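Paired with subunit B in one complex and with subunit C in the other, subunit A is shared by the two complexes that follow.
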Partner chain A sequence: MANILVIAEHDRGQLKLATLSAVGFARQVVADAGGTFEILVIGENIGGVAGQLCHCGAATVLTAAHALLQHPVGDKYARIVADATKERGATMVVGAASTFSKDILPHAAALLDAGMLSDVVEVRGDGDDFIFKRVMYAGNVIATVKLEGPVKFLTVRAAAFAHPPKVAESSPIVSLPVTADKLPQFTEYGGQEAKVAGRPDSTEARVVVSGGRGIKNAEDFERLVGGLADALGAAVGSSRALVDAGITPNSLQVGQTGKIVAPDLYIAIGISGAIQHLAGMKDTKVIVAINKDPDAPIFEVADYGLVGDVYQVVPELTEKLKT
Partner chain B sequence: MKILVPLKRVTDPDTKIRLKPDGSGVDLDGVKFAVNPFDAIALEEALRIRERLGEAEIVVTSIGGDECVEQLRVGLAMGADRALLIKTSEPLDSLAIAKILVAVYRREQPSFVLMGKQAIDDDSNQAGQMLAALLGIGQATFVSKLELVENNSKTRCGRETDAGIETVTVKLPAVITTDLRLNEPRYVSLPGIMKAKKKPLEETGLSELGVVVASRTRVLKLEMPAPRKAGVRVKTVDELVDKLKHEAKVI
Partner chain C sequence: MQPTRETFGNIPHSSQVIFYCLTMVTMAVFAYGIWRRFKLWRQGTPIGIQELIVGNLRQIWWKIRPGVGRLLTEGLGQKRVRGRGLASWAHGLLFAGFMILFLGTTLLEIDHLASGISEALHFHRGNYYIVYEFTLDVFGLLFLIGCCLFLWRRTTRPYSVGHKTTDWFVLGFFIAIGITGYLVEGLRIAWQQPTGIAAQCSPVGLLIAQGLSGMSNAAARSAHLGIWWVHAMLVFGFIAAIPYTRLFHTLAGPFNLFLAPPVLGTLQPISMEEVEKTERIGVSQIAHFNQRQLLSLDACMECGRCEDACPAHATGKPLSPKQVVQDLKRVMTAAFAPGGTKPDSTAPNLRDIIQAETLWSCTACNACVEVCPVRVDPLTLITDLRRNRVGEGELSGTAATALRRIQSSANPWGLPAAERSNWSEGLGAPTCKENPGFEVLYWIGCAGSYDRRAQRVARAVVKLLKHAGVNFAILGREEKCTGESARRLGDEFLFQELAQANIATLARYNVRKILAHCPHCLNSLLKDYPQFGGQYEVIHHTQYLSQLLRIGRLKIPTSDGADDAGAVTYHDPCYLARVNGIHEAPREVLSATLGATSKPAGLREMQSNREKTFCCGAGGGRMWMEEDPNQRVSTVRAKEALATGAKTVAVGCPFCLTMITDGLATQGSSARVLDVAEILAERLKL
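Let's look at the complex of A and B:
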């Protein structure tokens, strides 16, 4: 039996799709081991997000809405999560493995003296308990682990758990009381840098086009990587080398310490394939590598490799995909 | 001002990890070790704060066996003032580590804690947030820009989130966890190494600190993921487009 609380993630009222992977995890555990799951949405104007989650099979969609919760400030949200966990008697608290969950869930876990597992990719029942698999060492090691204690906190890798099919029945929405003066006041939110509009998020896109050291400057990146991405309606990504060189912004980095993506198609342009980069994309269904170095390690994981100069190959590829 | 910087001893990030044949752990035979790169960034930032302010005491601490002295010496050689080794042979998870750091914090009473956002071995990314929760103080995670403001009573931080850089101002004391882009740690210099030999390195144990911890995480087995099979080389763009459309059917 498990009583699971899924922590929903949204970006100013827009549901993050990775939340559905956490729901997929919850549905799987409940189907195998019995129990129920609830989804918690935290924020200010969250009626829309809660509504979007009503056909996921949850016993309840919980909302904690307050003006002080307008922005996802870690210590405030963690307090809400910890209080909801206690009040709802949750035995497992789950979020998608994102910077949102990684900021909040460990803090909430410690408030409840609960242990936590990050980046879970598999779960199975073991008598009354569970056995999990999680990735470590930049994705090079998979650990089989148990987590003791009455409440377990987890983040799950989006690629490892499928979005569950919708159910006809609608979950009731229950609003949790928020006591403003109980919320920590350590942090003032100062805003978010403007997002580059127009292209999808690499963690949610079906296709990601990513560039590496083979690209010499920001204009070339935009023309080659951006141009191919736009031809495919794809997201863009970058290796660490280009971020370090100041050619691409941090938020594009794919890898162990950047974003973990698992699209249907990942096109690596001029990326050599360091293990830290592979850690961020090797769960992709189909990997294409274009690189002039025939010995680049990226070719060892690529489904389709093309040895060639990206400055010639990529414009040709973009042209042929447009037609 | 006093800054506490925990340093974790990890396998060198450029080492290819091998497992023991029975899957009971990582084969550490002949493996090089290093200060966790994110922790080195935290220490570098502490050193830069000291350079800017003209004064600050920087205390580095590590939790583990005698071998962690090696990483503490690196921290001292980089410029930390004092080192504290918390000796234990127990395998500890993030919550246990956070509880030990609570005891170190209470003993040292730092102005704030600067630490790596994650260790590159277990990749958990939890200890800093847990420490903030247990201490009942604020946190700023994944920080790539940091300045002290309002008479050093607060820190304004740029945080690297999935959506881009977010700015927060957090009251001190707080736990600040560092991301890759905050700085590039300095190399250890020969005079630094010489000086480090004279700096105080204290050892203590969990009972002296009055902490009882037990790991809630039990590792049953480690394994390598199934390697991805290398696919095929295509010769032309036309061939690539054809494969993507008709074989892989992804476009």
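Let's look at the complex of A and C:
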């Protein structure tokens, strides 16, 4: 029996898809061991997000809405999570492995004196208890662990648990009372630096389209890489060469000295495949490379390769995807 | 009458007494000055200098022999001072003049004392006198010419040459000493009136005397006494000033030459016991340096050669090896000065003196170490400081990530250890298990194992070895990162962990001879590993290929109308050419390969080649750090390569391969960058 509380993550009215992996985890545990799960949405004006979660199979979708909770501030959110855990009698609290969860769940676990596991990729029952597998040392070691205590906090890797199919019946939405003066005031929201609007973050996206030295200027990058990315609903990335040349901003760089991405699909456009770049995308499931140089090392790691001029091939590909 | 002159001729007895009294005072000031610095050096961790004088004479001789050798060749022979144009000439002339005048004065005093005992011991006469006077006259001129050249250089000095106001006084003193010396001689000839060879053996003095021919004997005598005193006072002033001015390098420099072991490519290991005892790793306070390192700070006289050779400095990074040495010297002087703070209690933390950006800018290329005339070793100072910062967890960012990955996956990219030998699939490269009777172990290194580009180099080497029928093996998945980068970054214990694991693996297969295509692996296996019990014969693949070509096991087909790929230039990797002196073998392989094409395009040399090579920017862990696009070492080197007009840049190191490829690409060049082995394999159509 498990009574699971899933913490939903959202941004500007949009549910973060990784939350569905946490729901997938909860569904699996409940299916194996019995019990129910609930989903907790915290914020202000969260009706829309709660609505998006109504067909996930949860016993209840809980909402904790208050003006003070407009932004994900660690101390306040953790208090809400801890209170909800106690009140609902949850035995397991789950979030997707993300910066959001890293901030809030350990904090909440500490408030309840509970154990915490991060980056869980597998779970199975062990009598009344559970055995988890979690990733350590940058993916080089998989640890098999048990967690002591009546309440377990954990984060799950998005790629490890599939999004659950929708269910017909709708979960009831229950609003939790929020008392403003009971919320801690240690942290204050300062501001948020918004990234290039519209496109997902490359570290979270399931598809990343990335451009390299084969692209000559910023307009071409936006047209070729951006165009293909938008057609796929993908994030954009870039190699260091383009950042150096001032064609792309630092925030897009993928590689050893940039972001580490692990999407399902990575499309490398005009990227030669230097080890520093490959180090940033080595956990990609499927790599597609487009480059005019058939000797480019990228073709050695690519699952699909296309030798051709990116200026000709990419617009064609984008066009076909659109139709 | 045989030619001679009376020592202290024309100098009254009273003046002589005062002279000797002043000599004693001067020597006291001189000795105090040395003692003052000596006390500073003694604050460092002991280097066991007394060990040098333990044992019988023969044993002592064998211990001091290398140091004495360095004193003779690099001190007296000025071996390391050469090679800097006018400055080297100026120093050579000044040094030669000074040494001969110093020797002459010493001989004169010996003669004076000897004659005091018995007139029969008086040797300053006859033919000896003639040779003596003539030699000193000529070398006096050389001394003055050297001074004038230095005076010229100080007015037009390059930025890297240090300068203090006292430097003008030092040069002024020297010139005044030279001129008054000649005047004393001229006036002596004017009153003594020697004739024939006795006068001609002092040509400069004679010339001056002829100019003074109108002077009465009495006037000449009194002028002689006066100028003699001026000359003597100047010499006293100069001797007393040595330990207090830049001239101190004339003592500290030779001391350092004597004590400094040749260090290129080696680092002192740290033991766990040492850390437990001292409760620190590396150096955070000036007294943590060893006594020889502190002495070396005084040996530096700011000639600036290290700064001019430093690739980090050349690309605008906040590092100058000279400045590091001078900053530490300032801390040493202040921390130990009377009334100054005492070590360990309130001594300044070097964190506040040498900035993090400065330390992490170093590519560990050894150019500064190689170029220093008195063997100051800024690189070891930097590495000792790095060790402390890494130990304190102050290294963050991508280099720290690389260290973590080296620890978790035994390669700096964090790629799975299980995939280490994927590159060799289908090549037929046997592992040690599969071919236990191998003669030579081919060490692949992390780049060759994981970097798709460098894998091609490893594959080319394997093909060449198989073609030549070499009985070799690889470690496959059992190989781990050598830890070279970790050690140069300052993570000594991570390095030791890897070294011990690798040494155990190599011992299991009884490995004696190792072939490596990576100069960093090569240097680590050759110079780091013996410190932990791993003794191997380690050779670079270019050396091995050159041998195979020489003995005919690899044959380049005679001209078959192969395409002329255009001119080739070769970039010397620092850890191959400078640190380990391997620069002819790759050129031999390239010349053999190019010479056999239908149109030999030839090998073109870059301006900085062989030991004087310019770094690609990847050493010392810089490979794992972000570098401002406007400050890239690789760009500078790529430009130098392109200036030769070469269409192919040959390299002998996987890091250089990455960096030069990147540098050329930013220049929009289409020149190819290939390892020497790839060029050879291509020529052999393998």
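We adopt the following convention: the second predicted complex is superposed on the first by the 214 of 323 C-alpha atoms of A that agree within 3 Å, B and C clash if a C-alpha of one lies under 4 Å from a C-alpha of the other, contacts with A are read in each partner's own complex, and residues count from 1 in each chain.
FYI, a contact is a pair of C-beta atoms (placed from the backbone, for glycine too) under 8 Å apart; a residue touches a chain by one contact, two chains touch by 3 or more.
What you see is a predicted model, and the numbers here were worked out from it, not measured in a lab.
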Partner chain(s) touched by A:285 [first = subunit B, second = subunit C, both, neither]: first
Contacts of A:241 with subunit B and subunit C, given as first, second, both or neither: second
Touching partner for A:257 - first (subunit B), second (subunit C), both, neither: both
Contacts of A:190 with subunit B and subunit C, given as first, second, both or neither: first
Partner chain(s) touched by A:297 [first = subunit B, second = subunit C, both, neither]: second
Larger contact residue set on subunit A - subunit B or subunit C: B
Which of subunit B and subunit C A:249 touches, first, second, both or neither: first
Which superposed partner A:141 touches (first subunit B, second subunit C, both, neither): both
Partner chain(s) touched by A:124 [first = subunit B, second = subunit C, both, neither]: neither
Doubly contacted residues of subunit A, that is, touched by subunit B and again by subunit C: 137-141, 256-257, 275-276, 282, 300-301
Subunit A contact footprint on subunit C (complex, rising order): 398, 401-402, 404-405, 408-409, 413-417, 447, 450-456, 624-626, 629, 658, 661-662, 665-666
Contact set on subunit A toward subunit C in their complex: 137-141, 213, 241, 244-245, 256-257, 273-276, 278-279, 282, 297-298, 300-301
Parts of subunit A lying in touch with subunit B, wherever the complex brings them together: 11, 73-75, 78, 98-100, 102-111, 113-119, 131, 135-149, 184, 186-195, 201, 203, 207, 232, 240, 243, 249-251, 256-257, 259, 264-265, 275-276, 282, 285-288, 299-307, 313, 316-317, 320-321
Contact set on subunit B toward subunit A in their complex: 11, 13, 16-17, 19, 26, 93-95, 98, 118, 120-134, 136-142, 144, 156, 159-171, 174, 179-181, 215-225, 228, 230-238, 240-241, 243-244, 248, 250-251
